[in-house]
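Common to both upcoming complexes is chain A, partnered first by chain B, then by chain C.
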Partner chain A sequence: MEALPQTLFFGVLRSGLYALTALGLAISLGVIGVVNFAHGEFVMLGAYIGFWVYLLLSGPLDLGPAVSPLVIALGIPLSAGALFVLGRGVFRFTLRPLLSRPELDQMLLTFGMAILLQNLVSIVLSPQAQDASLGWRFELLPLPGGAISVTYARISAFAVSMALVAATYVLLARTRLGKQMRAVAQNRLGAMVVGIPVDQVYEVAFGLSLALAAAAGVTLVFQTQVSPFLGLSTILKAFSIVVLAGLGNLFGVVWASLLLGVSEQVISQYVPDGSALRDGLFFLLIFVVLLARPGGLGRAR
Partner chain B sequence: MKKAFIAVIVTGLVAAACGGTAQPAPTTAPTQAATAAPTVAIKSFKLGALIPLTGPSGATGQDMKEGYELAKEQINAKGDVKIDVIYEDDKNDPATAVASWEKLVNSDKVDVMLGGLASTISLALVEPAKKAQIPMAWTGAAASAFENGMKDQAYFFHYHPWDYMNAESSLAFLKSTPFKKWAIAYEDGAFGTSAVDGFKVSLPAQGQEITAAEKFKTGSTDFTALLNKLKASGAEGFIVVPFAGDMIPMLTQLKEVGWAPKLIYASPPSFPPNFEKSPVAEGVAGLTLWTADIPADATKKFVADFQKKFNKAPGSYWAPLAYTNLVTAVDALKKSDGKKDAWIKAMEETNYASPLGPTLKFTASKVVAHQGFTRLVSFQFQSGKQQIVFPPELSTAKLK
Partner chain C sequence: MRRELVAWLAFIAIAALLPLALASDPYLMLLANVMLMFMALALSWDVVARTGQLSLAHGAFFGLGAYTVAIGHKYAALPPLAGLAVAGVVGAIVAVALGGVTLRLRGIYFAIATLAFGEVLRTVALQVPDVTGGTIGISMPPLFGGDRVASYYLAGAIFLLALALSLGVRYTRAHYAVTAIRTNEAVAAVMGVPVVLTKVLTFVTAAVIATLAGAFYMPFITHTDPHDAFEVSRSVAALAFPIFGGIYTSVGPVIGTVVLRSLEEYLRVTPPWKEGYQVVYGAVIVLAVLFMPRGLVGLASRMRARLSRRPEARIPILGSGR
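After this line comes the complex of A and B, so read on.
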């Protein structure tokens, strides 16, 4: 039990990234009703933009210790902005025409998009995974007590993720656009009846979904290798969080992410071979939850 | 207009999905010489290379491809044979590997199958290989389970040492250190599991204790809980059996949890590119077939040729291993004119001064008839360089 505080702490830190990734997916699923199988690939694109910012700052500009914070400060707005615009374009020209079609058509489209993006990036860039040698990946911030530390990368990924999640919730709760999105998520027909421009809301929501994915991708540059197949490891967890929170429950994503992040750490710490088993055990939890409550644990708000 | 646009997009998506695995630019067919026609027809051969070009072992697979490309260039330049190497990416996924195998053997109709890295993947290819009975010059897979699967398959030639040979080399090094208590973290596929099964028997047999052994999924990015468990076990040394992509997260998080083992012994198939430059590399020991500093003429030539072609040093021993793989397989094809039984005989007569250092000859292992390399050396990253620290007769530095 000595390791419990540290286990819980690292679980909470991990949940920040999960929340950021899953929130984007929850918006596209909850507001538009589209299952975006390519969401992980947009995380991957965001990671590549972050990686290029790192290459520029550490290579030609050679900014030394400033590279790490600048990758966050510049990489996130750049990638989020780029993918917001891309997202609106993707929605307008590919998804919108399929909204009236069966859901299978939309799923096939996004699935094909995922494969297209993986292969495009492999061919145009390189299939090889690359590590960013960022200072914050290795520099340690000792925690009170002195026995354990966290990397600046881990702390900053959590802080940035939670700031973006909080900002998104403020947008959803306090702004006109956010209220429109929630109205559309609750009842599309009703929203149309009261004069909400549903098509425009969809387009902005999809752009926002991809912008959040891109921001999550930038934080991943600090934690893992960047490769065209980075999205594969993120999408399953994002889907499981969205399912656990309940479809359309945008505000439930945070605590569902917390549940995933903490349960991963607890299983890894206290179950023999838990690190290998944790994904399987978490999905078992999802099955049990869905059998007991098919709509997820939360309800749409 | 919109319908036409959507049709174009969907067609493109379907085409991309049907495009199969992500592949680098295809190798070009050998060109015809624009000079007078040769008086003797030059034999052409096709070899299939099934390697991971992407995924957790993608970096290692890319090292192999570079070794193959260098060998191919030199072989074709001699002019007495023309070879084409067709690459397929197994993506470190068994289902993809089997499909790619079928393509190379049945569709491309290659003369020899090359490649092999991850044991899990090679295991999936045992039944397809037995069905095809095609000459196999197989670099990788260390797992004994694969060796047992290929028992009595006369067409099968294996280059990389088996797990028990890896273990013998590792064990000899570990025994030479002053540390008695070891904790182990290993990837939960055939590669990690077979290596650790060996350690679980052999370490205690030589008076060393395993204080904890935990498995993990390769590609996970968080190992803090696992490392906490191992730290709590009271180990002096840490053995880790991962793939390349796991190395930096694992070693970084070692510091996060405040664990400083007296020696870290890592045995991925290869380390990530530029690993030696990262702050977490210092002091990490490992097992290798080769470093660029091995004092053999063939090694020096290989390194110089590689540097000239790719403008960089080889990423890992998988580059010279792949080079050796292609050179020896093609030599046997030349001698045998591509006939299978004659190819087997020619491969059995292989006596090649490999850039890996030792001369390659195929001898019987515990199970299979044709085993190439049998011993590895241990090294340690010291100030950004791989220094061989064991066995003493090959050492370039002392263990720190």
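After this line comes the complex of A and C, so read on.
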């Protein structure tokens, strides 16, 4: 049994990855209005790119202890960049033509894409889960006091996630592009009238959404196995966070992630046989929120 | 309408006589059973789609049916047919709860909740091993003592139920209600269509059929476990078949099932596809949505229009248009 501070701390760490994944999903949902069922599969693609960077650095280059920080420093820009480009392409050639069609068609497209991607990767690579034995996964961060112990991997994954989330918020709140995205999210027609190139903003927003997914995937390499089928559980939790925050409420995502991450950790520690409840918690949250406050817990912005 | 009904009667007559030709081949008989079951899944999924809703819970209700029969047999010695009836009731109750909460809201909530629902059932099945047998699952003696002709007619009955639902919604006032809802919910409500009630009713009926399919399948293959029962691939199949064959029709889901399920039989044993055969379903969904919105049925009617040199029959793609 862990002490309470340790449990809460791990809960907070857990929420970092949740926030990064959910923010990407919330952007495609809030700005473009498209439910991207393949978001988890893009996290998976990002994770594989991170995993390949690890293989390259630890195998042929054999960089020893420098591998762990380098996977973050090289892996994240590489996989985020690749998926940003991919995202723009996917939007331009598949989603864009469907925007005038019923919502059902858009959801079917992204769901089909999810099935396509996970099985394609499992055929081309391997259906087996793979493990990166990064040094940071096991090395403990020396912390004074001894009440809390944590690996380098978890703390750095959290720090990177939070930095990226913060950077995205700055982009949304302070830059011209962010302003345009928020305008399009609020009112597509109004944004068009004032001369915002709506299609272009959509395309960049979708690319950004996928870039965030890719970065989340790279931090995943530090925490768990990489498998073609990791998308489903990833996206379900991300969905529950987005519903919790309220659709289109980009800034509520962090709080909702924190709520989910900490409660999961607390439940698995303090509720006897709590692992079922922990794994089902996200669904309970969706169900209760939809029943009680369909607009989400926070105030809509 | 008359022509379609006559064609269906002919199809049913042929299907009813099929065991005469196949009964000697256990593999083909097995495939025939499974085909009818998937046709029922595909037809019932399509009825939900006609209201513009995306149900990703068809596999989950299938698994729910399988487990209801299995648990009923294990703890109450419930015979398969009684289990089937109980499963139908259980499916209806669960669908009312799930649909009642989510179908009041925008369609995306329903889609998300239905996707999550299957995962939750799987988690529950894994975490309460005392009831569900955990990862090992539950076994029971074969349906009708392993008589695949008898089970074929049971699967056929479930198929007929699904077909009746599909044709019933097409050729009654319900057709106008679901089409209006799919085209524009707000306008439909103004015209006096009971929007939420219609959506809930179609979802519940379709979910009951999916549950029955699972309740049939479990004793048919004599075993169920969390991995097999709540496989996402079954939800994928339930929607890939109608989309490929022709969404919003009754013929489409049936044709789609025959073509794609046969292809799956081949791919499953052929490297490099094997377990990854679902990549085909993913590709079919993406390509059909992008380039063939009404599936094979839409393609056929366009070809016919071209051949008879009549002006092309306009197939309206119903949508609100943003």
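We adopt the following convention: the second predicted complex is superposed on the first by the 290 of 301 C-alpha atoms of A that agree within 3 Å, B and C clash if a C-alpha of one lies under 4 Å from a C-alpha of the other, contacts with A are read in each partner's own complex, and residues count from 1 in each chain.
The rule is short, and it goes like this: contacts are C-beta pairs under 8 Å (C-beta built on N, C-alpha and C of every residue); 3 or more make two chains touch, one makes a residue touch a chain.
Bear in mind that the values here come from a model prediction, so they are computed numbers and not experimental data.
Superposition of the two complexes onto chain A shows a clash between chain B and chain C. With both structures placed on the common chain, the touch criterion links A:V35 to chain C but leaves chain B unconnected. Using the contact criterion defined above for the overlaid structures, shared-chain residue A:A66 touches neither chain B nor chain C, since it reaches no partner. By the touch criterion defined above, A:V85 reaches neither chain B nor chain C. When the two structures are aligned on the shared chain, A:A276 is found in touch with chain B and with chain C.
After overlaying the two complexes on the shared chain, residue contacts for A:A167 are found with neither chain B nor chain C. Once chain A of one complex is fitted onto chain A of the other, the partner contacts of A:L4 are absent, as it touches neither chain B nor chain C.
With both structures placed on the common chain, the touch criterion links A:E264 to chain B but leaves chain C unconnected. Contacts of A:S122 after superposition on the shared chain: both chain B and chain C are touched. The clash between chain C and chain B in the overlaid arrangement falls on one stretch of those listed (134-142, 170-178 or 188-196), that is 134-142. The contact surfaces that chain B and chain C form on chain A in the two complexes overlap at residues 94, 97-98, 109, 112-113, 115-116, 118-120, 122-123, 127, 233, 273, 275-276, 279.
Of all residues in chain C, those touching chain A in their complex are 49, 52-54, 56, 101-102, 104-109, 111-113, 115-117, 119-120, 123-124, 126-128, 182, 232, 236, 239-240, 243, 272-273, 275-279, 281-286, 289-290, 293, 317-322. Per the touch definition, chain B reaches chain A in the complex via residues 2-3, 5-6, 9-10, 12-14, 16-17, 19, 22-25, 53-56, 58-59, 62, 89, 91, 188, 214-217, 219-226, 228-229, 232, 244-245, 248-249, 252, 255-258, 272-275, 277-280. On the chain A side of its complex with chain B, the touching residues are 2-3, 6-7, 10, 14, 93-94, 97-98, 109, 112-113, 115-116, 118-120, 122-123, 127-131, 133, 137-138, 140, 146-151, 154, 223-225, 227-229, 233, 264-266, 268-269, 272-276, 279. Of all the residues in chain A, the ones that touch chain C in their complex are 29, 35, 37, 94, 97-105, 107-109, 111-120, 122-123, 127, 188, 232-233, 236, 239-240, 243, 247, 273, 275-276, 279-280, 282-283, 286-287, 290-291, 294.
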